Amino acid sequence: MFYHDDKLQYPVEVEEPDPAFAKMLQEAIGGVEGEMRVCLQYMFQAFGVPDEHAEYRKLLMETAVEEIGHIEMLATAVAKNLEGAPTELREEMSSDGAVNAAMSGMLPRQYLSAGMNAMPIDANGNPFDASYVVASGNLAADMYANVMAESTGRLLAARLWEMTDDPGMKDMLSYLVARDAMHQNQWLKALHTLGDPEDPFDHLPIPNTFPEEEMPDEFDYSFMSTTRDGEEYEAPWTQGPSVDGTEDFSFVWEGDMEGAMRDISAADPDTHNEVASDDD
Amino acid sequence: MFYHDDKLQYPVEVEEPDPAFAKMLQEAIGGVEGEMRVCLQYMFQAFGVPDEHAEYRKLLMETAVEEIGHIEMLATAVAKNLEGAPTELREEMSSDGAVNAAMSGMLPRQYLSAGMNAMPIDANGNPFDASYVVASGNLAADMYANVMAESTGRLLAARLWEMTDDPGMKDMLSYLVARDAMHQNQWLKALHTLGDPEDPFDHLPIPNTFPEEEMPDEFDYSFMSTTRDGEEYEAPWTQGPSVDGTEDFSFVWEGDMEGAMRDISAADPDTHNEVASDDD
Amino acid sequence: MFYHDDKLQYPVEVEEPDPAFAKMLQEAIGGVEGEMRVCLQYMFQAFGVPDEHAEYRKLLMETAVEEIGHIEMLATAVAKNLEGAPTELREEMSSDGAVNAAMSGMLPRQYLSAGMNAMPIDANGNPFDASYVVASGNLAADMYANVMAESTGRLLAARLWEMTDDPGMKDMLSYLVARDAMHQNQWLKALHTLGDPEDPFDHLPIPNTFPEEEMPDEFDYSFMSTTRDGEEYEAPWTQGPSVDGTEDFSFVWEGDMEGAMRDISAADPDTHNEVASDDD
Amino acid sequence: MFYHDDKLQYPVEVEEPDPAFAKMLQEAIGGVEGEMRVCLQYMFQAFGVPDEHAEYRKLLMETAVEEIGHIEMLATAVAKNLEGAPTELREEMSSDGAVNAAMSGMLPRQYLSAGMNAMPIDANGNPFDASYVVASGNLAADMYANVMAESTGRLLAARLWEMTDDPGMKDMLSYLVARDAMHQNQWLKALHTLGDPEDPFDHLPIPNTFPEEEMPDEFDYSFMSTTRDGEEYEAPWTQGPSVDGTEDFSFVWEGDMEGAMRDISAADPDTHNEVASDDD
Amino acid sequence: MFYHDDKLQYPVEVEEPDPAFAKMLQEAIGGVEGEMRVCLQYMFQAFGVPDEHAEYRKLLMETAVEEIGHIEMLATAVAKNLEGAPTELREEMSSDGAVNAAMSGMLPRQYLSAGMNAMPIDANGNPFDASYVVASGNLAADMYANVMAESTGRLLAARLWEMTDDPGMKDMLSYLVARDAMHQNQWLKALHTLGDPEDPFDHLPIPNTFPEEEMPDEFDYSFMSTTRDGEEYEAPWTQGPSVDGTEDFSFVWEGDMEGAMRDISAADPDTHNEVASDDD
Amino acid sequence: MFYHDDKLQYPVEVEEPDPAFAKMLQEAIGGVEGEMRVCLQYMFQAFGVPDEHAEYRKLLMETAVEEIGHIEMLATAVAKNLEGAPTELREEMSSDGAVNAAMSGMLPRQYLSAGMNAMPIDANGNPFDASYVVASGNLAADMYANVMAESTGRLLAARLWEMTDDPGMKDMLSYLVARDAMHQNQWLKALHTLGDPEDPFDHLPIPNTFPEEEMPDEFDYSFMSTTRDGEEYEAPWTQGPSVDGTEDFSFVWEGDMEGAMRDISAADPDTHNEVASDDD
């Protein structure tokens, strides 16, 4: 069950409202790098963790709930940046650069659909779409999904921080930047506790329960080059030790592979796939 | 520029066509864990790599092009599994369990829209949607996105492998399982070469170019607990060393944080947000 | 069957074309508050009404068909606002505020994809998506969906009316504002005729055919508070008569509820959900 | 800020797991009638309520938080219904009706993407999409959106209740049916407190701040008939008092309206809209 | 403006309701090949036709309006096929193949969301999405879009016709098959009247207003081969006359083209694209 | 299998970067008229062509692979147009028209999500969606889909060409304009080789394998007029020879058709569609 109180986790102040920045902040709410995604991702991951891994379920739910509070902060920031935003496409507009910039840079639906408020959409105006929410059932895969989400999330927060000069907004964003640093660290730590705790990469390759003998042996440590000319070259991923420590990398050129021919039969006539040469 | 020849990377044989499995295979083509996603993801990442990191651009493009070949293999597998699939909802259906299962388990549009062929959709029937394609411009973030994509991709291939008894399909899937193992290894290796090559986690936290002094100090290594009762507990992420090695983790309960009050002003009357108490 | 003639329901004049307003008008065509939604919503509702409720089927179809005419008017308004819109990102642009505003404020695809015409998209540029079309089969639920659609629709028309100074556009929008007022009234009237005509709320709770004795008694008139501290308070929805007139409201704090523990078993090994601690 | 504890609001028991029902339950999680929609809808509405209406903000947030708990319950129900679900399309399948039904009736991605867990999708397999989330900034419009959401939500819960014989599932669903009844009542009560508390319909027409004199007078209480033959008829919405009590309804046939002609100019040649009759 | 009467264009009878066929019919309503697409496509094309081409505007609107009637017929067909469909996942199910097939083959939301009615979705369950609606502003491009839409539409109707044995459904579908044949013919006829009426292909290449001298000469009639080995071959599109009659086709191998090197600069540091090697 | 080399098909130079044009170019990458669509469309069509039509499979795959190179060129063009684009919403902005225009005209996610790079989205910011990819299994239908795709694609390229004054961009676009002209010609040529090679329209009506005697005779060559008044008129599609040459066109007014009445029964009570007049 869930509860709430009236406070924000961290102050959200806007010295000078900026409707264009209100648009940009939407990416941090409803974008693929945003808080709705991580909130739902950690929550659905938590829902699926069985009882014997309760410590990971708790970890995931703790952070999912923290993220709801980030959505709340960002929605507040959007509303404050829209205070006093223009609602008229005036004739004078063409001669007033500032109003121009404000109107052209606004996201129309923040006014038209939400009355100058935040929406569950991204900065390009696309509605949040739960297809980005990853909860695979496998904790190792999920932890990488979480590190990735916090990496692109922190990158976004850093870019937003660069974009504004408003001290309140810079402060709020630096808080989110800090939280996303922590979250990267915590998900990686959790990842490293999976499998043998002495071996941080024991979870590899994910899923590490697939019977190794079932994989065709020549393909699981060979880098496949797909250049037209097939020239071999050296790189950390074409030779030397792999990260999971089991075998060394090798190099193979696709053009040297045996491959196989395609053979596709014609479909059933009921598909009407065929074009007859005489149809009467 | 790109080129092709007539061969498949690996044999695609189907001993006994199974239209229900043709549906399941769609997830590996157009699903969020599928080959269209990784192919486009590596390609768009490659497009954005500047010349001074040409070795990573090459790495990304090599594998992007390999993945097109996986789409080709899977599309062939779908077509072969649909050979002889029923096209009629017959009256006899109710008494013939096998036809029943085939018809009910099929994805309607493989017949209706594609004439018994593969489509760029997932196993639930949703069209592929490029919003899952992650290419952030930051190589470290992208590498985690790639490890994550290959982790869920290999998990999917393993689940499909469990689902079928067809020897041809099991063999083809084991090839994809092997490639996804290699890809996890190669992306992690590339990740570890970023930053100081002696320190595999030097890239943390992503982006590692954000000025550290700008982050509010108390929030970047503290685990934030959000339970109602606030009871403190020990876990690898509430104490002890963090993965990036800079500071130790600590524990904070959200209820103990100072927080801040929300204050939201009424919007401009032009929004018509208000409900008047007397409108005539 | 359907028919048409050449006229618009109401004049659509544009004194001074404004490409930014052409963008805003798209919300009224393809937005969630727009005419495509209501048109299709009333039509699909009408399709499902059984013969014994033919008067409601007729009501719904009459208005669905009126709404097609609104799409026609709005598409005309978009085309007229795009007359003379710039098609070049000129070098001079930077020094000419008016052209700047026009180009930056335009919706790119109105030119690129439609040759300066209306599209079935919203003002943020998202394609119309029939998932907003509600036709539940239950007339009471549908009537609330319709009142809601006309409420947000009229709110949108009023906001668009505020946004423009063009007399032709203001006049056209005031017509739509008037029609949406009528539609709110007519759907509510229809709602009140459902069930006992003497009791406007006899349709509650929707569906009113669910056997009341099957509902756990303590939960259907109690307001559930979810604050962390659980402090009780008085409001029109925590005490006093409910709208359906059956029972009085009461107050319950979530933290005082008995609740239940979750217990989730580990999934089948075929899911490969587990991370093994030793994979060779 | 938000908090959680370990309990479910109400017991979630499944006597006999049913993977087909696990599919159906998805509609109540990620469907347009589901809990993710109402949760986010109430939360985004709350985010936008200004301080002077704090009692409505609290009302909205209280219920938003309750709804997160419903998602948690339903996700638990999905996982329990998937316990022991088949993961193989066996050869024997055709002769075993029960396995057939289970496999054909399952939602593929619950296994393939989630390892036998709930996902943020609907029963047809579509990902949750925040375009259904309505938060208009106008409390009256929002309250109708909420009544509508709870009406279709309760209708869905009732249909799911009819669909299952499992006592645990029937019990859980009856709880949700009860809560949705309460929510219909509470939103309507809140609606009736807007504007003049003595007049439950004083909020009409929404928004009730649009200047009435600006509406073309003949259109705001007239029912517009769109039949081809234009025959007049009597119905509660073509005559008699309207719900907002201001004027009586009247009847108008579209074919009798003055209307207006369309006049659309040719677009700029840069659009390349024209087809030339001689292109060299 | 638009009008309606009570009749269907053509009889819609169902002898034996079949809920699985109700699912399949959805493709003809809300699918990319379906009637909603063509209806909206012709209507939006008509909206954009300028006055001097009024005969094409009329042509487009006439058929758009015919297509609304097809949606009406198909929605009726869906409802009739759902009559008596099961609403319970019974325990007996496993032993009754017919009920099994019905339940497993149904589209869940036709019951759950629509109370056994048609929805604006396709046969895979995806909501109709107006991104398939093509109205480019250029009549020649639009006519090809229309021929294509009627081609895939008629193909779909033919496949549905194969799928059913119900005489009423076969009859209704044969009507749609006939109309789609007419529509292919009418759009092609209209296409051939564009440009010089003596030359059916005078409209090529579309748009035929692009200044020919601006195209790099060696690329507009040469077939570009992309095989790895570059072997030349003869085909009707590598030599001989082209359809627009201006030049003969020729053959070029991509590997022989001059091409150009990519050169991508590093992005601004504010993007945080770089990974630093030492971040403190 | 697929291969690549390092070159672009054609030079991509940008003299003066223009972030607004970087937005517009996205339509040519991820838009419905763009290169991702045609690339995937030809590839999926190729995947489904049976062995006996190998020459068409080859034709389709050759061009699919060419199109990947177009995506590569356009992504390069986007990155070059974003060089030096502003990343700050500065206070000075209001007084500097050029920076204003740049910031307001940019697509936010090119910076926020991609670090100043191309994305798989369109110019309105919508992610590419594979629902536009048409691969029907019937070569004639597919060829029309391809002509249509190249027609709207070339129209788009021409419009982009009009939009820019940059010589490098004009040159690159003229190359794409030339290729799209070739592709229109090649697909039409392929279409005309289907069926009897002497009769370019022998493929009509598509699919031409539907038994002609099954179509109700009066509907397959009659133009259906849907005007309210039913006045007959002459046009090339209401009389005279049809394109497939079989019969002449005729004229029918919808209002004169026999039609049929709808009759829809009430649904099963389990749907809870009914509103009871007394619910206790």
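List of remarks:
The first chain written gets the first letter, and so on, giving A, B, C, D, E and F; residue counts start at 1 in each chain.
The rule is short, and it goes like this: contacts are C-beta pairs under 8 Å (C-beta built on N, C-alpha and C of every residue); 3 or more make two chains touch, one makes a residue touch a chain.
Quick caveat, the model's predicted, so the values are computed rather than measured.
Any chain touching subunit A that also touches subunit C appears here: B, D, E, F.
In this assembly, the chain whose C-alpha centre lies farthest from subunit E is A.
Farthest chain from subunit D, judged by C-alpha centroids: F. Comparing the residue numbers each copy contributes, subunit B and subunit E share less than half of them at their mutual interface. Between the Cα centres of subunit C and subunit F there is a gap of 29 Å.
Computed centre separation for the pair subunit E/subunit F is 9 angstrom, with centres defined by C-alpha atoms.
Those residues of subunit C in touch with two or more other chains are numbered 1-5, 7-9, 32-33, 47-48, 61-62, 65-66, 69, 72, 76, 79, 87-88, 97, 100, 104-105, 111, 113, 115-117, 121, 124-127, 129, 131, 136-138, 140, 152, 155, 158-159, 162, 206-207, 209-210, 226-228, 254-255, 257, 259, 264-265, 267, 270-273. Under the stated contact rule, the graph of chain-to-chain touches is complete, every pair of chains being in contact. By the touch criterion stated above, subunit C contacts subunit E in their complex at residues 1-5, 7-9, 30, 36, 40, 43-44, 47-48, 61-62, 65-66, 68-69, 71-72, 75-76, 79, 113-121, 127-131, 133, 135-138. Remark: subunit E residues 155, 158-159, 162, 228, 255, 270-272 touch subunit A in the complex. Residues 1-5, 47-52, 87-91, 93-97, 100, 103-105, 107-109, 111-113, 115, 121, 124-127, 137-140, 194-196, 202-203, 206-210, 212, 246 of subunit F touch subunit A in their complex. Residues of subunit B touching subunit A in their complex: 3, 5-12, 32-33, 55, 59, 61-63, 65-66, 69, 72, 76, 79-80, 82-85, 87-88, 111, 115-117, 126, 129, 131-132, 134, 136, 138, 140-141, 144-145, 147-148, 150-152, 154-155, 158, 161, 170-171, 174-175, 177-182, 184-186, 188-190, 192-193, 201, 204-207, 209-210, 214-216, 219-228, 235-237, 242-244, 249, 254-255, 257, 259-262, 264-265, 267-268, 270-273.
Considering their complex, residues 16, 18, 20-21, 23-24, 27, 31-33, 97-98, 100-101, 104-105, 122-126, 152, 155-156, 159-160, 162-165, 226-229, 254-255, 257, 259, 262-267, 269, 271-280 of subunit A touch subunit F.
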